[in-house]
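In what follows, chain A forms one complex with chain B and a second complex with chain C.
Moving on to the complex of A and B:
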């Protein structure tokens, strides 16, 4: 279906689509007021679950990916049960520690082949699959955004006590969101594994989280469209800037994060920022006269 | 016994790190993800001074000055702007993560990602006989430094005007301003002290491994967080006790399980303490619960 696209462009498209799934998995948590840093860990779980089931146990690829989603959701829920009573910085630290335990664990146990990773994973995931999956995810995100569920999430993010007072079961919503987020990150990891054929623990490091945070905060946390556009925009930018892939790439992501936090902490598409911009532009003619 | 001594030695470096992070958390309620980079920059500062032929104490002071300057610079630019706009908690986390990435990237490019040798000349060397055990003099020096730093911090916070001012600002910046204390000055002081402690830890890390590179501090960031979560966030004695305990646990984990297992000890400590007792050993108040 997408074979007419040149191979390199198709590769870029695949990478971008998988990044979009990861960013959405981070965003859905943030929209519920949860600042979790475990995304890379869940992606690693998903990638390894599917890769091991398919290569060692000869499962078909779709079944492996489904298993990855199931394992990701189960792990997220079982981790969420004790951890979701933590707030803010404590949750961020706890989830970061969890991600590190997962990745270091994978690098040090035998059946995952340690730091060398797994190679020769069947690559059945095509661009068509990814487009379909991302389309479904974005459709669901839009439905959630417009539904009671989405408004409840927003209420929890803005003020959880008021939300609880309005009859929203804060804990249940957070658990559900955490499970969905874990499942999506695991699915992205599994899809990535079946796209590249090779996975190793070091690809799920802290740098991945920083890149995803950049996409999410630049795009804005209020609606899914912002982060999706930001992910695509950064990919295009990355292809056209000469320092991409060099050591300066980290500098560039780091400085963008800092600048966005200073100018528009809720992202460039947030209402707070756009209204400020609008005010600035409206004022300009007055200054000219 | 020998293992406990080794654990206390590495633990006292963790304690120095934890003291710096806990001070910032206690005063500003900011978790500084830049702390590991400040440590590395401080270590490089002292390395440059040593390579220029300055004596060790001067080199340590140079490293501390570099780290303190960097910390204050971060605070008075980015963090001050965030404070002015009343940014939420996550904004500080994300901004300091971004800053840490920038700082690491600069060092990586300046050093071309090389591991630089760090001379041990002029630092205490060789073992000393103590209670029938061989204790390396360097580790004794590290332990003494962290205990002195803890005692100094505790006395300073409780018995000097500037220290009490810091506690007032930590309690409420608005009230402190009414009482004639300048919170911005207090923040700068807190960052200076925190940076100096980080540089000390950085020098000790560099000496004990006889090398320093742009990634020297990477692993230590989450170790520092583990220390202050274990000790109780914002608690000065907690940071020292937490650091020493973590150091001992890591050494025991290496000896009795495997050296690979010791890598995850810090993260497991974070998880377990958050689940069992989020306020840590000495924490004054609990993490918010539902």
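Moving on to the complex of A and C:
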């Protein structure tokens, strides 16, 4: 379906679409006020689950990806029970530790082929698949946003104690989003493995997390459109700036993040920032009445 | 005359924080349909008691029953579901959201549709809930502020938004923690009138307030808390005449 796109552009599109899935898997946690950094870990779990099942056990690729989703959700829910008792910076640290344990574990056991990773994974994932999956995810995100579920998530993000006083089951919402986030990250990992044919633990280190957090914070957590646009924007920047792929890349990511956090602490699509922009561009009424 | 049924009962309720006893052996009933005032000097344990009644805290001794059933082990959201709504002493609104958004969030329990319910049915549900929220906003006299950001509003208005949001869960029992603090006289008179209307509509209200006039005018009974204990509970006039109440508020001539 997307064969008319030149190979390189198609590659860029694929990479961006997988990044979008990862960013959304992080976003839904933040929309519930969960500062979780476990995404990279779940992505690694998903990638390895599917890669191993398909290469070693000869499972068909779609089944491998489904298994990855299942394992990701199960792990997220079982880790969520202890980890979600933490709040704020403690949750961030706890979930980061979890992600690191997963990735370091993968690098140090035999059946995953350690730090060398796995190569020769069957690649069946096409741009068409990715477009369809991302479309479904974004549609669901929009449905959530427009429903009372989205309102409840926002309430939890803004003030969880008050939200509870209004009958919102904060813990259930957080468990559900943690599970869904884990499942989505795992799916992204599996899709990536079946796109590139290789997987290794270093793909899922702290660096990936920094990139995803940058996309999300620059875009803003209020609506999915912000992080999606930020992901696309950063990809375009990355392709057109000469220092992409060099050490300067991290520098410009960091600078953009700092500047955005100063100008628009809630992201570029936040209501606060757009209203401020509107005020600046609107002609100020004459104050001398 | 029939014995009034008690909607909320505290039986020997106590709450300690370390070595401090904030609420000490409180036995108190809120009767169905009444407005019960809860007064006491600062630090008497009023807010702690409200936190216990809304399951934000659990008692270290004694038991609280709502509609005849114990609330032990209940989470705040379960209690909201059972029909207890509250406001907070330090006004807890969802900031950077509109008045309508705040009140609509309070309608959370009114929504039944799942995520997959689409089209007309979803639209109808949303419209119905929105309408209810708008009615509450009008009831609180906030119609002209409906789409304003609550963060930019005055203290008195914010308190009213909070009351509207609490009413949005359609509670049987409304716990108001100093609803008129920071309000002008006219504004607090409005709140008094509103409480009267709610009472006429059959709601049970627990009102914490320092405004003696408001409490006298709106409450059927008043309970006085001092050092975590109920020192008097009676009709307002009786309570003001009570020697122990005068002592708690004004002190005695003796030192010590």
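The criterion applied here is as follows: the second predicted complex is superposed on the first by the 281 of 289 C-alpha atoms of A that agree within 3 Å, B and C clash if a C-alpha of one lies under 4 Å from a C-alpha of the other, contacts with A are read in each partner's own complex, and residues count from 1 in each chain.
Operating definition for what follows: a contact is a pair of C-beta atoms (placed from the backbone, for glycine too) under 8 Å apart; a residue touches a chain by one contact, two chains touch by 3 or more.
All values derive from a computational prediction rather than experimental measurement.
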item: Contacts of A:170 with chain B and chain C, given as first, second, both or neither; value: both
item: Partner chain in contact with A:119 - chain B first, chain C second, else both or neither; value: neither
item: Touch count on chain A, higher of chain B and chain C; value: B
item: Partner chain(s) touched by A:9 [first = chain B, second = chain C, both, neither]; value: neither
item: Touched partner set for A:83, first chain B, second chain C, both or neither; value: first
item: On chain A, the residue positions that both chain B and chain C contact, one per complex; value: 170-171
item: Residues of chain B defined as touching chain A within the complex; value: 31, 78, 81-82, 85, 87-91, 93-95, 97-102, 104-106, 108-109, 113, 222, 225-226, 229, 260-261, 263-264, 266-268, 270-271, 274-275, 278, 287-290
item: Residue ranges of chain C touching chain A (in the complex, touch as defined); value: 54, 56, 75-77, 80-81, 85-86, 88, 92-97, 101, 104-109, 111, 113, 115-116, 118, 122, 129, 165, 168-169
item: Touching residues on chain A, where the partner in the complex is chain C; value: 140, 143-144, 147-149, 151-152, 154-155, 158-159, 161-171, 271-272
item: Complex contact set, residues of chain A against chain B; value: 35, 82-83, 85-90, 92-94, 96-98, 100-101, 104-105, 108, 170-171, 210, 213, 217, 247-248, 250-251, 253-258, 261-262, 265
